[in-house]
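Quick one: the structure is below, and I'll ask about it shortly.
Chain IDs A, B, C, D and E follow the sequence of writing; residue 1 opens each chain.
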Amino acid sequence: MARFLKNRNGLQGKAPGTLVHIGRQKIDKIHIRQISFNREEIQEHQFNDIDSVPEPDPNRVNWINIDGLHDVESLERLRSRFNISSLTMEDILNTDQRPRIYEESGHIVVIMKSFYRNEEEEAYRSEQISFVLGAHHLISFQERIGDHFDPVRDRIRSRFGRIRERNDDYLLFSLMDCLIDSYLSIIEKIGERVEMLEDKILEKHDQSVLKEIYAYRNELRLFWKNIRPIREVVGFLSKATSPLIKEETRIYLMDLEDLATQATEAIDLYYSMVSDQLNIYHTNLSNRVNDVMKVLTIFASIFIPLTLIAGIYGTNFDYIPELKWHWGYFMMLGVMVAVVVVMLIYFKRKRWF
Amino acid sequence: MARFLKNRNGLQGKAPGTLVHIGRQKIDKIHIRQISFNREEIQEHQFNDIDSVPEPDPNRVNWINIDGLHDVESLERLRSRFNISSLTMEDILNTDQRPRIYEESGHIVVIMKSFYRNEEEEAYRSEQISFVLGAHHLISFQERIGDHFDPVRDRIRSRFGRIRERNDDYLLFSLMDCLIDSYLSIIEKIGERVEMLEDKILEKHDQSVLKEIYAYRNELRLFWKNIRPIREVVGFLSKATSPLIKEETRIYLMDLEDLATQATEAIDLYYSMVSDQLNIYHTNLSNRVNDVMKVLTIFASIFIPLTLIAGIYGTNFDYIPELKWHWGYFMMLGVMVAVVVVMLIYFKRKRWF
Amino acid sequence: MARFLKNRNGLQGKAPGTLVHIGRQKIDKIHIRQISFNREEIQEHQFNDIDSVPEPDPNRVNWINIDGLHDVESLERLRSRFNISSLTMEDILNTDQRPRIYEESGHIVVIMKSFYRNEEEEAYRSEQISFVLGAHHLISFQERIGDHFDPVRDRIRSRFGRIRERNDDYLLFSLMDCLIDSYLSIIEKIGERVEMLEDKILEKHDQSVLKEIYAYRNELRLFWKNIRPIREVVGFLSKATSPLIKEETRIYLMDLEDLATQATEAIDLYYSMVSDQLNIYHTNLSNRVNDVMKVLTIFASIFIPLTLIAGIYGTNFDYIPELKWHWGYFMMLGVMVAVVVVMLIYFKRKRWF
Amino acid sequence: MARFLKNRNGLQGKAPGTLVHIGRQKIDKIHIRQISFNREEIQEHQFNDIDSVPEPDPNRVNWINIDGLHDVESLERLRSRFNISSLTMEDILNTDQRPRIYEESGHIVVIMKSFYRNEEEEAYRSEQISFVLGAHHLISFQERIGDHFDPVRDRIRSRFGRIRERNDDYLLFSLMDCLIDSYLSIIEKIGERVEMLEDKILEKHDQSVLKEIYAYRNELRLFWKNIRPIREVVGFLSKATSPLIKEETRIYLMDLEDLATQATEAIDLYYSMVSDQLNIYHTNLSNRVNDVMKVLTIFASIFIPLTLIAGIYGTNFDYIPELKWHWGYFMMLGVMVAVVVVMLIYFKRKRWF
Amino acid sequence: MARFLKNRNGLQGKAPGTLVHIGRQKIDKIHIRQISFNREEIQEHQFNDIDSVPEPDPNRVNWINIDGLHDVESLERLRSRFNISSLTMEDILNTDQRPRIYEESGHIVVIMKSFYRNEEEEAYRSEQISFVLGAHHLISFQERIGDHFDPVRDRIRSRFGRIRERNDDYLLFSLMDCLIDSYLSIIEKIGERVEMLEDKILEKHDQSVLKEIYAYRNELRLFWKNIRPIREVVGFLSKATSPLIKEETRIYLMDLEDLATQATEAIDLYYSMVSDQLNIYHTNLSNRVNDVMKVLTIFASIFIPLTLIAGIYGTNFDYIPELKWHWGYFMMLGVMVAVVVVMLIYFKRKRWF
């Protein structure tokens, strides 16, 4: 399967607006977690059926988290109940969306990605996380039962902290902050591996290093594709004129925009670092070829002339005066030593060793 | 023929506005398909003659699809009947246009490309698809009898779905959506081949890989040239103030704009991936040269000195004391083994194997 | 002479506004062709003297074409007669201008380039073409007696076609269209040669290919320098608020803008294609080095050990038991064959052939 | 630890707005230096306890410098006393911020970096410097006890100079100017080392040069990441409409913007210079491989044929007529010399030496 | 000394606004040339003392040219007399400024560079030229006694030409035009050398070519750094709303802007040409390595097997039947010739020669 595009066979020929889940089914059943809270109270529920979800209470922050996107029918019921447009629902189900944001029919829709490591393929894969922010509710959609948002859940439960005193928009900010923080962690992890590669580059010179370089570049490309648009998404949110975003949340969103910029810049820096490493590796390889060549040349240039000398005195001519000389053999050896010395001086002068 | 420009010999020296078909004639006769429908009714007709096409009914969506652009005369009659400007008609006939959009004399004109695989040349080729949207009709022009739009036809016939309830502008959106979906399919296909190349890169090292890399780059360049401007085209449409575009269609167009962005980004990513592969291939090649050199150097450095030793005792000097020793021969063999051992230790130390 | 800048020795130290012809004199005498026409009538004249040119008739389109820019004195008289500013005249004479456009003292001034092949230098050279559009006249300036505009002349003479019914601004558009069409032809020509190079790249590996690549890059650079600003020039014209540009001409100019964009994009694509070819060529070369090395290594690694064996039995030791064996010689040959077989298996395993 | 991102373990899962120090603790205790002055008077104090800091006098410029960011509790007291928002405080404590600027609740907050050389790692490291400008005070935060600002302190003490006559905003400018000046010094220092590398490039060809190139690139990347945003920061400040920035300070800020641009451009230039050096180094290496190859080829091509000749006359055939000739041996030597001469002429013609 | 930054030791720690000369002292004494003229009259004076300069006559154009910037005290007196701000003066003295322009306290300040060849270092160096345009005077500052402006002086003296009829702003334009013309000359000169390099690239292959390429790149970088901002400078001037710039001068300034653009583009083109040359050089080098390798391989592959054959018949086995054959020796020679023929055909087939 192409890594940067998901298989769209299910979609082609379908009318826009038809609900089809694009992506691999990652869990068996749909799984719904609802938390509704205000400063004083907090209620948590879990459901496997959309219809059991109670009506959101307008005096509370209502967060409905859906894990699993394959049950199109249930999601259709959710859609009509919360008055989400079918185009929005289609965007949520098609997990091959670019990160983006838009307002439609009284909702703010945010589409983002999270990353998890697929150990089988030894590569990161992206999962789509979508948020639909309404007047009194925030619905989040995930492909798998995720624990990304557990820190936020803990903060809600803990009763302290700002989150219990704010509205749905602040909750949306908190969840996005959670995701962007996880981006930075992943980038940091890959960054560490890239920096460790640095030492190998000059030592080892086999295909494993090449494979590693190539793998890092593709991972960084995957992150780049899915993280770069986040800056725009957050920027849009912080400048949105929608009444859904309270004025006091804006300052947090501006901070988040900066964090997204930092993530993008870090990806760029590590990407260019890996490019450098490939160059350095290649240049170092040429260095080694040069060294090998020099060893060969020194050996060959010294011994081939000597072999010739020996060969000459191995000929069977009737009349070779030197052969008769008593010390002829030792003179030959002497000449050979002289040749070696001359050659060594020659290569020394060329600074070959 | 230059791949990124079509032969313009037919055009040079002609006045702008003269109708000339630029491009290869791809079918024999012009072929007209008309579908006119509303929520209740649907009528389909096929013609080979422009004049037989009935007047569009203002209470229906009228879609006239023209296959074949070489019959300039028929198209001229069509032009004057539907009040299309001659400059627009010229743009439709000149199949070497960049994708673009403009409003003129009451029409919105959209020029796009579709791609088909030319099996002879083993390469993708582009075909120009043009749309002229009027108040009560949408005319589409293709170079060949195409089946790109069959999914849309099926949806129209099926009676269900949004398309029967909407206007000509929604039909235009559906057709464009159809084309952009086909772009993503093609990019996915080439993307898969690019990713499969990854494994070959480190294994094989002959010209076939180079040819493949080069071919992919040129195909991606062709797509880039013809797909990148689509984003602007769709963006213009979604922001157009023309009364031809209904307000409720805009949200679909914005979605389409995003799809076009995704296509462009995927092309960019695969292009940079192929560049990487060329680099990796080259570096791996240097690796192999290095390996070959080492084998040669080890062999030559070990055997050339031994040959010299044998050569020395093959000389015919009268007085070579060693030759007289009873175990001389075996001593020589012993010295040779010692030399081999020393050399192997030397190369081992250099970590050459 | 530097290829991307013309020699400015004539200019340095001169006051701005002094008329000096910068560039090589390309023809002997100034040559003036005047065509004035309206829908009913057409008059053509040729002159060698500025003063003989009759006064432009305000009821006609008056096109005065000047070939040759070295006769500064005549041009000065023209300048004052048509009320052209001296700075404009200076720009026309200095043939090293970038393509550009501006309005000044009631004129629109357009400076463009045409290209011709200098067969001596086996390279393209640029020639400056300038247009001065006034209320009732269009003056065009060329360095040489050019035939670029013959197609336009033929259209004017033919009585049919739009050109006879329109004004000077449409004539200006027609001439610019003529030039941009010629750009596309030239780019197509070089594009074809670039694409033909593709096959040579993997076959041949001598300097001629390198020279060709280098030459194409420089030609594409020359085109890029002179064609890229055209888009802005045409864009300025299509958006100009000057009364000299009629509303009905704008749609043609927008078309022209697109053509200019297409030319620029084609240059970019061919440029990147040539870059690719250089890379592929280099990588292919490394492939060949690798192949040559393998042949050498296989030969050397097989024959050097055999030579050693023969050398050993060529020594003159008194006591070498094998020499006395009756089948000793054939046993040695057998050992040699065995060594060859072992080595071939070794290299086969390494997949060297 | 990843070089371009700091370890965020302390942060993950924490609510935004929770004060956590991100970064290594660099000093033991918090250290506070206060200077308050006007044209006539100046007072300096040092404290280890936030609460001892006296109330800022509105008729003076009050500069409070905090060294050490790990004592979160003290900083929290400072925060509430000076009415700094907790989000701002968080930005100050998280030392992995990008350089940036914003206005919030009556303060202008500026976050910048300074660089110091970590001799252990033989690399530059960045330290975060933050400024909070209020109506009558400027608070600066550093991770370590820094001497960056000593020149400014000296100028304040000296009684002369503009600084004593101006307000807090001019003090902020002075401190930022101090930092940007230090950037230019560091870039100059690394620039000198880069330029010195130039000579080594063509002489030496071992890994040490590669390591040096690689190290410079990473250092320049670190500077680029932390210095490039400064231009925007200063630009924002010079265009700010806040009453905290006096009109007469703007002209100084514009000057500073230019200095920041200069720093960024210098980094870019040195970066591209190092890239060049890597290319030149690689190309030079190929030159050397070529030279080594030629020596080998000349030696082998001359001596191997000679060895063959000697070998032929070393065969033991019964009937080899040449062996019987009296001068046969000398004729053989003559032939050998002839072969050498012919080969030398051949290589001379190829211009191999 | 770092080439792209000047040593700032004199500045660090100084208050902004302190007058310090940054740069090397290039002449002994300050040297003042004053020309004041109108259409009728002209007066020229030279001084070594600022105080001797007479008051500018408001009915004339007053041009004061200062050569030498090290005499800070004199310049301070000039500053206060002409009411120039101390920040401006600081910019003039710090000769490491980027080219820029600003209005301040009734003056327009322009900072540009000129280039001169330092024959010792065999490289171009930049010199800072500053202009301060006031209501009735233009003051220009140079580091050395320069002759850049002699052509303008000649034009003023000559009484003819526009310059005598215009104001200080036109004089400023003339001086800037003079400088930009000199840029184009220098770029043309280096351009010619770059184009001459083209032929060497394919012929020579030693370090001298590499050094030349590297030197050109650094020179082009120096020009790029100092010339690119000029376009903005001139653009600012041509759009300035200041009363110091007369309407009739604007058209000249727009022309100048174009000239600056042309200079920048020429630098870019030559820079990319040099990059190309480095690539071509490297690729050509690989070509040569390949050729050398082939010669070696052909020689070795032909002669090593022959040597083996001779070696076999040089062995001293008791029973080698071939040795007894009368024509054995000649048969061996025949086999050798056959081997040579076979090998040559083999290499011919591989198209190695």
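FYI, a residue touches a chain if its C-beta (ideal position, glycine included) is under 8 Å from a C-beta of that chain, and two chains touch if they have at least 3 such contacts.
A quick note: this is a predicted structure, and the numbers were derived from the prediction, not measured.
Common neighbours of subunit A and subunit D, by the contact definition above: there are none.
Among the remaining chains, none touches subunit C as well as subunit E. Mostly differing positions are employed by subunit D and subunit E in their mutual contact, as under half of the interface residue numbers are shared between these two copies.
To overlay subunit B on subunit D by their CA atoms, one rotates by 145 degrees, a value rounded to a multiple of 5. Per-chain Cα centroids separate subunit C from subunit D by 42 Å.
Note: centroid distance subunit A to subunit B, computed from Cα atoms, is 26 Å. With touch defined as above, residues shared between interfaces to two or more other chains in subunit A number as follows: 282, 286, 289, 293, 296, 300, 304, 307, 311, 314-316, 320. The sequence of chains round the contact ring, opened at subunit B and continued through subunit C, runs B, C, E, D, A.
Taken together, the subunit D residues at the contact with subunit A in this complex read 1-5, 7-8, 11-18, 85, 87, 91, 96-98, 100, 102, 104, 205-207, 210-211, 213-214, 217-218, 221, 225, 278, 281-282, 285-286, 288-289, 292-293, 295-296, 299-300, 303-304, 306-307, 310-311, 313-316, 320, 322-329, 332-333.
By the touch criterion given at the top, residues 150-151, 154-155, 161-163, 173-174, 177, 181-182, 184-185, 187-189, 191-192, 195, 198, 202, 251-252, 254-255, 258, 261-262, 265-266, 269-270, 272-273, 276, 279-280, 282-284, 286-287, 289-290, 293-294, 296-297, 300-301, 304-305, 307-308, 311-312, 314-320, 352 of subunit E touch subunit C in their complex.
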